[in-house]
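See the structures that follow.
Next come two complexes built around subunit A: one with subunit B, the other with subunit C.
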Partner chain A sequence: MSRQWLKVHLVWLAFLAAGIILSSVPLFVPEGYRLRLLALVFMWVALSGCWNLMSGYTGYIDFGPVAYFGVGSYSTAILMLKGGVPFLPSIFLSGLICAVLSLAIGLPTLRLQGAYFAIATFAVAEALKQGILEGDRLIGLEFFGGAHGLTLPPPPSEAYFYYLMLFFMGLVVGLTALLEKSKFGYGLRAIREAEQAAELSGVPTLKIKIKAYVLSSSLIGCLGGVEAYWLTYIIPDDVFNVLRTIQMVIMTLLGGMGTVLGPVIGASFLTLVSEYLGAKFVYDYLIFVGAVIIVVILLLPRGIMGTLWQGQRWNR
Partner chain B sequence: MTKGFGALTAVRNLSFSLQEGEILGLIGPNGSGKTTLFNVIAGVFRPDSGEVLYRGQSIVHCSPHEICQMGIAKTSQTIQPFSNMRVFENVLVAALYGKNLTMGKAREETARILKFMGLEGLGGEPAGKIPLPLRRRLELSRALATGARVLLLDEVMAGLNPTEIQESLEILKKVRNQGKTLIMVEHVMRAVMGISEQVIVLNHGEKIAEGKPAEVAGNPEVIQAYLGKRYA
Partner chain C sequence: MLLFLQALINGLLLGGIYASCSAGFSLAFGVMGVVNLSHGDFVMLGAFLTYWLFVLFGLNPFLALLPTLGFLFFLGFFIQRLAINRLVGAPPIMSYLLTFGLHLVLSNLALRIWTADYRALKTSYTGLTLNLGGLVFPYSRLATFALAMIMILGLYVLLYRMETGRAIRAVAQDREMARLMGVNILRIYALTFALAAGITGLAGGLISHTYVIYPQMGLQFTITAFCVVVLGGMGYIPGTLWGGIILGVLESLTTTYLTAGLSMALTFFLLLMMLILRPRGIFGKGVVEEI
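Then we have the complex of A and B:
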């Protein structure tokens, strides 16, 4: 009991310490590439963390999380440009919009299983991209900016986004850690292991899956909004790019699905590796990134964290 | 109650009732509709026609988790543990959701049930790694942890050796003594006949006999269903 207690408190202490150290980084590192790179790492940790929260724990492979990233980007941009809403309320509202949208999409799609769910969510993301591309022509107004995209107002300093991304990363990782050992978390894992047995043990499976999906989607929506303001320029082909989905999936798989630290390790690793290789081999770095991914998956099929966890041989 | 799949009628015009605290044995050759019946009661399938009443209330339109929370839990013939979760966590899920307990209360309840079922030493093991007889017992523990008053036990003794069957019978007797109502589907005759107060025999989805175990065992139609016309 006391050992367990100590362990839990040590984890939160480590979490707090990491937070303090990372928040003090901008005091020492000058604005520029390195700060930007760290913020990028945080964003990907948060994004793949969101994906892990839903797909990693329930085993339902969501292949369309980018839908909410795109919707979040566009709603933040439109709220700021057309509505004159300040940035922070805009990303909050974008999260809300994504929550409503994901509820509407989750209700029918989360009754599907396996590949069907993956295909359905993928189709939703592609449909939304086309919708925004062609939206202006459809309604006959200048609203989404079509393929030309939208330009947002000039953003504040780099450090501002560093802290925002750090906040979201902390939020997602902290939330995952809290949920993992909660009633909700046990429900999600039971669904992943044997959905029918979970249902027969009293777990309201559909309701829980939808809760996880909405939570994950609305956080992704907020992050989309942050990135839109950070980059100041968005186009459908980029914010709805399926590569973003694939990146969230691969980062989580690399780190270990259904673990708190999996996305942290997977996303940091992959972002830094592709950044390093991108600078070394400007034209063909993706080949090397692919090779690295294949090697890691061959050596550690359960992901980096998953393998470590297995190595512990179920010790408490 | 009737339930069919396409052209096949799995359960036809079946009707029976059960008092609280009773043990009902459900037997019949393979494919006679026993598991289908269980799935209809537990809410996995919806019957084509007919009603399932629990304490005077119709439950045919409830989903499995609602039925479980009302007090009817089912174990599965093809055991479905949450394999990558620990034994303790398997039972914990049922206590948390089936019985709707808070985390602290559910942990206490889980510890109590594991002890009752003689699984207390295995709490930390992954459920997929323990031997079959223990996995069957885990399945029963999970059903018990939902706090159900009615347990639908689908072949909890399949694949067990005589010693293990004996242990399993002792456990079932202990469960009955807690005032639970049991409906058992079982092929191990010694088990059904030894513990049931009432037995129903199904064949091709229809009830062919009903009564005390001894009466049913002598029924010519039952013998015919199992062994063929020559022996009836």
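Then we have the complex of A and C:
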């Protein structure tokens, strides 16, 4: 019994241990750059984890997750500034708003396939960005702040955001691990492998896709809210920046799509590389990232995790 | 009324350029199912090549279009041979990601080499216009529009009236069957992608005659190509002409009567509606990807 028990629970014990170790970091590391960098790594792990949950498992490539990041940022900012709502309820409500929005967007777009879904989600994100940029002029009110954006109230300590990002990272990674082994997770992978066959075998594909999309989008919305308060200043060109989408995709791809640890590895690696390389040589960093993508696609299309686990190339 | 007509003409001239920039995108998708996210960077490369040939060697920008076409043709051929051919039969996401990586490399290399400066081609005839009853037709835009139309016509003739075009269309319709009929698939793929890159570079060269160019302009043209091609029907070449013109006129009208920023939002809204309601394009002749 004990061996079997250990095998099943080892993953969760490791997860718990990592949580305890990471939670105690602020006790030893003083506030400042390092703590901030770690929180940034957690945020990107969580964001690419959300993308992985939807796109990595279903194979439906979402090119517009940044839409929910931006909407989450803006709704948190507006709730706090105009509604006087405290921060934590604000991010919760932002998650809810993104859930409703993603349901409305997912219902028509998730019927599209392949490139069409990717283009449609991309269009949604760009249209929302332009809408918020021009929104004030249309309704004739000072609401979104146009291209100047919004300034949020001063945030609490760095450690506060460290724990918040850690919580979201743990939530996303834990959820992915939990869902991977569930009926829902098998449904998602069935969609990726052969959607029609899955549908014929009685998997409610559209329903499952929408559930995964809404879950991933609302979590991204919460993270957008957290980042808005963390940085205290948001503009449409930043929170809706297509580069954010790209980062989520690439981090997941590098680590391995459709694996629990893929986004953790990919996001940690690329965030640290971008921090050390990107600060000094922005363009070199992007050239490097582009080259990494090309090499990964041509040589290890399953990503680092997938290659370690399965040690084979796709050949279909 | 005059304002409306002028906006319509501007939109039409813009639409021709859009169509010429998007034809290659449609071709690559229709034949190989490759969504080329580095498409816009071929436009950028074409534009810069024409610009430098003019600035450094004093080559007439219209004559410079020919070496531009040739260079991009070979670049496309090598990219196809070295990278994209390896992805034939792989899940479609692989081609998006690969071409996206290519986009990052090309656009940021260009930024490193040429800096983020905006550049414009200035010739002796740059500012000249033709006035017709109060309506303004800039000569250079008229000329680029005419060349864009000739280019699309040429592509149409190649695809629908020539043997190579028949082979390309056969591969697009049914890869296995075409192979059985003795068509060399990989050669056709390399040729198609080279052709797509070549005409895209040519269109970029045309753009450099009338618009400012900068290394990061590519992504914008990739997005435009998406919209145009979805409007006209993915993979249906004559559709790109109409898609481009609709998009150009729409943009010109919203910029004239509303604001420039909103024209983007409207474009994306139109794109989304098309995808949901008529994914095969306005004529219903596009292909819908099967996964």
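Here is the rule we use: the second predicted complex is superposed on the first by the 284 of 316 C-alpha atoms of A that agree within 3 Å, B and C clash if a C-alpha of one lies under 4 Å from a C-alpha of the other, contacts with A are read in each partner's own complex, and residues count from 1 in each chain.
Here is the rule we go by: a residue touches a chain if its C-beta (ideal position, glycine included) is under 8 Å from a C-beta of that chain, and two chains touch if they have at least 3 such contacts.
Since the structure is predicted, the reported quantities are computational estimates derived from the model, not experimental observations.
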| item | value |
| --- | --- |
| First, second, both or neither for A:6, with subunit B first and subunit C second | neither |
| Partner chain in contact with A:197 - subunit B first, subunit C second, else both or neither | first |
| First (subunit B), second (subunit C), both or neither touched by A:187 | first |
| Subunit B versus subunit C, judged by how many residues of subunit A each one touches | C |
| Subunit B versus subunit C as contact partner of A:178, first or second or both or neither | neither |
| Common interface residues of subunit A - those touching subunit B in one complex and subunit C in the other | 314, 316 |
| For the subunit B and subunit A complex, residues of the former touching the latter | 42, 44, 63-65, 68-69, 73-74, 76, 80-86, 89, 92-94, 96-100, 102-103, 106, 124-126, 142-143, 145-146 |
| In the complex, subunit A residues that touch subunit B | 182-183, 186-187, 189-190, 193-194, 196-205, 314, 316 |
| Residue ranges of subunit A touching subunit C (in the complex, touch as defined) | 59, 61, 108-109, 111-116, 118-120, 122-124, 126-127, 130-131, 133-134, 137-138, 195, 242, 246, 249-250, 253, 283-284, 286-287, 289-294, 297-298, 301, 314, 316 |
| Parts of subunit C lying in touch with subunit A, wherever the complex brings them together | 29, 35, 83, 86-87, 89-94, 96-98, 100-109, 111-112, 219, 223, 226, 230, 259, 261-262, 264-265, 268-269, 271-272, 275-276, 279, 288-291 |
